[in-house]
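Two complexes, one shared chain (subunit A), two partners (subunit B, subunit C).
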Partner chain A sequence: MTIRRENPAKFNFKNIARRSVLKGAVSGAALLAAPAIFSGRAQAAGKYMDLESLRGANIDWRQAEGAKITIGVIPAGYFKNLEAVLPDFAELTGIDARLEMTPPGQIRQKAVLDLSSGTGTWASHAADPMYYPLYVANNWVDPLDGYLGNGKLTDNSWFQYEDILAGWRGVTSVDGKPYGIPFDGEATIQVYRKDVYDKLGLKPAETFEQFMSNAEKAHDPDNRLWGSALRGFRGAGQNMYIYPSIFRAFGGEWFDSSGRMVVNGPEAVAALEWYVKLLNNYSPQGVENWNWPDIADAFGQGTVASYIDAHGSAAIIANPEKSKVVGKIGFARWPKGPSGKRVTSIWNWSFPINAALSDKDKAATWLFIQWAASKETQAATSYAFPGAYKRTGANRTSVWGLDEYKAVLSAAGDNYIAATTESFAEDTDVEWRPRLPQWPAVGDTMATAIQSSLVGQSSVTEALNEAQRKIDAVLKG
Partner chain B sequence: MQLPPKVGIGRQRSGLFTGERGFALLMVSPGLLVLILTTTFPLAYLIWSSFQNINLAMPFLDGFAGLDNYRNMMSDGRYWHAQQLTAIYTISSVFLQIAIGLGLALLVMQIPAGQWLFRIMAILPIVLAPVVVGLFWRTLMLAPEFGIVDFIVRVLGFGSVNWLGSPTPALISVIIIHTWQWTPFAFLVLLASLASLPPDIYEAARIDKANAFQRFIHITLPLIRPAIIIVVIMRSMIALSAFAAIFAATGGGPGTASEILNLYAYKTSFVELNFGYGSALAVSLLIITLGVSGILFHLRTAKRN
Partner chain C sequence: MTSRASTKYTRNAIWFVAGGLLLFVWVIPLIWAVIVSLKSESEVLAYPPSIFFEPTLQNYRDALFGGVSILPSLGTSMIVSTATTVLTIVIAVPAAYAFARLNLRGKKWLGFYTLATQMVPPVGLVIPYFLILNKVGWLDSYQGMVTVYLTFSLPFAIWLLVSYMEDIPWEMEEAAFLDKANRFQTLWYVILPQVRGGIAVTVIFIFLNAWNEFLFAVQLGGNTVRPVTVAMYNFVSVEQTLWAKLSAAALVAMVPMIIIGIAAQKQIVKGLTVGAVKGGGRR
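And now, the complex of A and B:
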């Protein structure tokens, strides 16, 4: 799925060079014509995207000209692509926006530190949707309905907030009010070795039992092929990212009728037992420390026959430079759980507005968010991106329908686009994970319980009972 | 001092910032201020917040908590589990450091020349940042299938062990990592102490036909006891508050199998965002560390008397 064209870094370099040449030109009388060249360029298409189409929005893009904002993001390909096209944003708005890369393990803590101290260091950041209830409980971020409804700031007939995938809008909203605008995200899907399944006469699993039996049949560790793998590493965003789908598919509910959070009910026990059985019997040793890159690497090396994880992991397994199984990959939606439901993740990185900013910086931040989430920028950072890596987590239904976008995705393997888009349309569940301000504590407690039972530190029931005790204490305060 | 003593006393009493003493106070005050700001103030703040409800996830409950945090601690199974792990981790790693360090020092003492080479080699693990040590052991040494330790264990026919992935081996691993990094410290201190022992006592012992074991038990050990106790004190204090290497190697996992008290306090404060309870946990660790080192210091002076 990679078409090598120009290196994005090269574009950046050229751009910087051009800017510094222009600075020099101010002092040089011989280069009086330079500004004319500059503005001439600016009025035509941008370097990466169609600025004319952006200017078609009925708002004043230059209303916060001169503002300087910093946005915290993670060093992932999709944000690097966004960083590469940032010069067009500067050209459009006159706002100096800078992306600060922080590893995913630290970005939540850093954001919380910044928000709780009110320093306003990050005007916005790539936010974990599970953190919105916490942010809102502390009034750390602005509700965005006021921005979306303000004709001076937003032209919604052009921006079309409703075009953003419904599940993602749901999970970035609290009590019906949006607090973040999704930029990039994913669905979890079933990934399997087509050649292995064909040889054994297997079909992608329709049910959880079938997924287990497929893993059993494909499991052949003597020939270095393990049946399946799921995230085993402890963390709210690792094992507590995959377990909730299983829990919900088993029919589990996070809250009982009285609103009490319950994590040790019969569905929870059955779900965790299924997970532990699958990983202990059919996964390579060490899976309890695996996160998605480890799973994708193992699959790419041909040692794992199936997994369920983010559709974006295809960037590794379908990359001929990293993977030995290119052309042998099949994709499918989650199997149906005992409750008859398929439950995919609704993970996405979204941008909120830090409530501690000045009004001008808030306007600048909103313009940045609107620009980043717009169709034009989504296109410019995905299928139309001139670099080798093209984003596959576009935020809009309309983009997922474009032939150009599909052409980039189809190279990943069999049934990739259908599996992903159907998951978005049918399998998302806003109650995928329990949404409450205490999520950081609840998520970590659950992650510990899941890993404890996976490695046999305690039994499934013991681990969940212990988690229930801890969660009761956490929610009581 | 040329002034008569009476005048000197008078000047000392006349004011805080007058006279020689006052001048000295003025000179150290910037340093003192920095010290207060960077150590005393955070410590006081920590103790203050341990009596408060400070939970970012539930800002509406913020306020004075009295002894609630400490009361909760008493009924918190995970706290006692962490407490137990801290004891196992500290006692076994300090014991191993002393035993191996002393053994190595005694061996190196037998080498007539070239001891400097061992001293330099011993410094290397000490100067590494603990995070680097944790990561290096996690990836290079202990990784299943690819790690060096796992390779050796498999070659010796014991089969692959999932070092950081199973509860007991994970705890053993973090103890080994700590021991690996800090044994050289014990080795260096004890080597220096051994080198300073007077040779005539040994000569006298030999004349009295004391064998090597008797010489070690009755001469060497009593003479280097102060050095051993100092090493025990310093290493215990550091082991009780160990963090970075464990954090990098296992993150306290799998499950809570290597979650010592310091990691639990960190997690409560910075992952769960419950700063009140996290502070109480940290204060309890502080009390334990102070208590343990107090007892050890007492032992040291008692022996001397």
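And now, the complex of A and C:
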């Protein structure tokens, strides 16, 4: 029996609504088992990947044979793809690695609970980059330079750590030392309705003023078209995910020369005012409750003319089963702020090593991480994945340069790949959000301030002053 | 006479309409969920919401038998909730009887102590439970999860049942004692039939709490014990929310609760009638 990969060269967003079904947590591997896909290759081929290429690495993949490790991840398409190809890892290494799907809202707490109590339940987990300062301050995770530099554990001429996107490496490192290896991530980019912009003679915004004026011109709520939308929902990963880009583009610095965190300076006020003005004037009602899926859903329904959010949101708006605007989508980098900077997000899920593990389990975990972050696995879980969902957040410059990968992505819309890769290369800013151990509390405080000024509970200045007071207290205590 | 009858009629009608409206407010989300569960993902977001659409059972098929089927999790939830409920009743009934009837030393103190665990917010208990279960090796295990659930179901059940048992006239027991029944027989043959309604109420609450529990399930469970409340998050990913499948899964997860509710309701009504006929006790 031959099972062909469907449309290998197309960005197959078509069956995306079914992707969670296709790549099921438990039985997904069986469903997708399509060994014939690579049947042309030698018996050395695993179910999904060419193991020979992995065996080319000059390390003993079987050095931790028999180890059992659990890795906490979130139920997202990219981890479901990774789970589907896990049998190949078991075949390569003899390690029994399992993913534990944990809801995104709880994974951080569960990781902190595990790490702080030293139980070693999760050998590794999908870590929020903002949590590394906290992890490192408590020595909960191992520095990875020792692993990268250990010839017994790593063949860097094969693994090529430096090939991983620089901004992502930066944000998973603390004081220059890597603590996590990025697996999947995103940049925020400008997304707009090409047809609407063409009709009105608009161009994707180059500056914040243009973005505002584009939104104003496209704004036509009587015909159910709103000018723009950004994340309004309160949360460190919601409104405090989009505001930092604006703050930095306005020239804001999180820390003053004495190292004190300042969130109520003039740049902060201007940035928050811009955000509030845009959303209050040109966004649909209720935007203060919108997280990014809501934005993408609205854009897909044709009711929002532009937004700035993760490049991965293309999976929704370019999916013909969910979206009415397929073929009418354009992409661009963030506009330049008043400081002349474009600042995108640096988001990724990365894998650290739990310091509470035994040496053997640490070796097993490192082999898992190295395997998951390798070019081979990145390819096997993205463009080469036999299911309908192809990952769009590959971690490596080299993968982003591959024609096969580009072919999968290009169907999303105009300028998608260029906007994303240029954002990675030019617009990432490691100091995009304030990196400090108290981030969970600081992020929450800022999120509250942003939302309370958005809904008019307090003025921008009051909200930021209040946030400053709370943050001062948190950082003192 | 007719005017009085019509006034009564009007009053009834007003109550009926007011009640209906009030009910409507609570029922609407449920109806909405049913409708959404029968739509395709693209129709869910359509504006204006489509009233006429081709209903599909695909979401149910996907939720039950698809790649991220919730069936195994339904099984897990069933085991955990049933075990919790059974153990709770087995322990709580004699305990409640003791509190209601026996002259224990330090009864007051014990009663307060029983309730004390209910006073700690669950979030405060997650860390100690996590550490203890880890020490015992019961993280992500059925026995661990059920033990944790017992800690909050037992006090609740005991206190609920005590109030029912205190309502039973002491004379009934006395009669049993005169017939040479021992404590256990009295409890079994005299008290239990009287508190049937109370037990039914307790069963519903305990089962419902265990079935809907999320915080402990997500923090103390894992790949082995993964109740349906956690598994449902497979449809709410960071990338998108699959509303139709989520609704289908949620409605499926409601079914056992509805069945238990209906079964228990009969017992509750029976319990009420028993008390009424005997003409005493229930204050």
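Here is the rule we use: the second predicted complex is superposed on the first by the 434 of 477 C-alpha atoms of A that agree within 3 Å, B and C clash if a C-alpha of one lies under 4 Å from a C-alpha of the other, contacts with A are read in each partner's own complex, and residues count from 1 in each chain.
The working rule: a contact is a pair of C-beta atoms (placed from the backbone, for glycine too) under 8 Å apart; a residue touches a chain by one contact, two chains touch by 3 or more.
Everything numeric in this text was worked out from a predicted model, so none of it was measured.
Q: Please work out whether A:Q285 is in contact with subunit B alone, subunit C alone, both, or neither, and reply first, second, both or neither.
A: Only subunit B is touched by A:Q285; subunit C is not.
Q: Could you figure out whether subunit B or subunit C reaches more residues of subunit A?
A: C
Q: If we overlay the two complexes on their shared chain A, which of subunit B and subunit C does A:G56 touch? Say first, second, both or neither.
A: neither
Q: For A:Q109 in the superposed arrangement: first (subunit B), second (subunit C), both or neither?
A: The answer is both, since A:Q109 touches subunit B and subunit C.
Q: Does subunit B (first) or subunit C (second) touch A:G312, or do both, or does neither?
A: Only subunit C; A:G312 stays clear of subunit B.
Q: In the overlay, answer first, second, both or neither for which of subunit B and subunit C A:V455 touches.
A: In the superposed model, A:V455 contacts subunit B only, not subunit C.
Q: First (subunit B), second (subunit C), both or neither: which does A:E466 touch?
A: It touches subunit B, and subunit C stays clear.
Q: Should A:Q438 be classified as contacting the first partner (subunit B), the second (subunit C), both, or neither?
A: A:Q438 contacts subunit B only, not subunit C.
Q: With the two complexes superposed on chain A, say which partner A:R234 touches: subunit B (first), subunit C (second), both, or neither.
A: In the superposition, A:R234 touches subunit B alone.
Q: Is A:A296 touching the first partner subunit B, the second partner subunit C, both, or neither of them?
A: After superposition on chain A, A:A296 lies in contact with subunit C alone.
Q: Subunit A residues touched by both subunit B and subunit C?
A: 109
Q: In their complex, what parts of subunit C are in touch with subunit A?
A: So the residues of subunit C touching subunit A come out as 40-42, 45-47, 62, 66-69, 72, 126-127, 130-131, 134, 139-140, 218-219, 222-223, 230, 233-242, 245.
Q: Along subunit A, where are the residues that touch subunit C in the complex?
A: Contacts found on subunit A: 17-18, 20-28, 31, 70, 74-77, 98, 100-104, 106, 109-110, 113-114, 117, 119, 121, 224, 293, 296-297, 300-301, 303, 312, 315-316, 321-323.
Q: Touching subunit A in the complex: which residues of subunit B?
A: Interface residues on the subunit B side: 53, 55-61, 72, 76-78, 143-145, 160, 162, 164-167, 251, 253-257, 267, 270-274.
Q: Provide the residue numbers of subunit A that touch subunit B in the complex, in ascending order.
A: My answer: residues 109, 112, 116, 134, 137-138, 234, 285-286, 288-289, 437-441, 444, 448-449, 451-458, 463, 466, 469-470, 473-474, 477.
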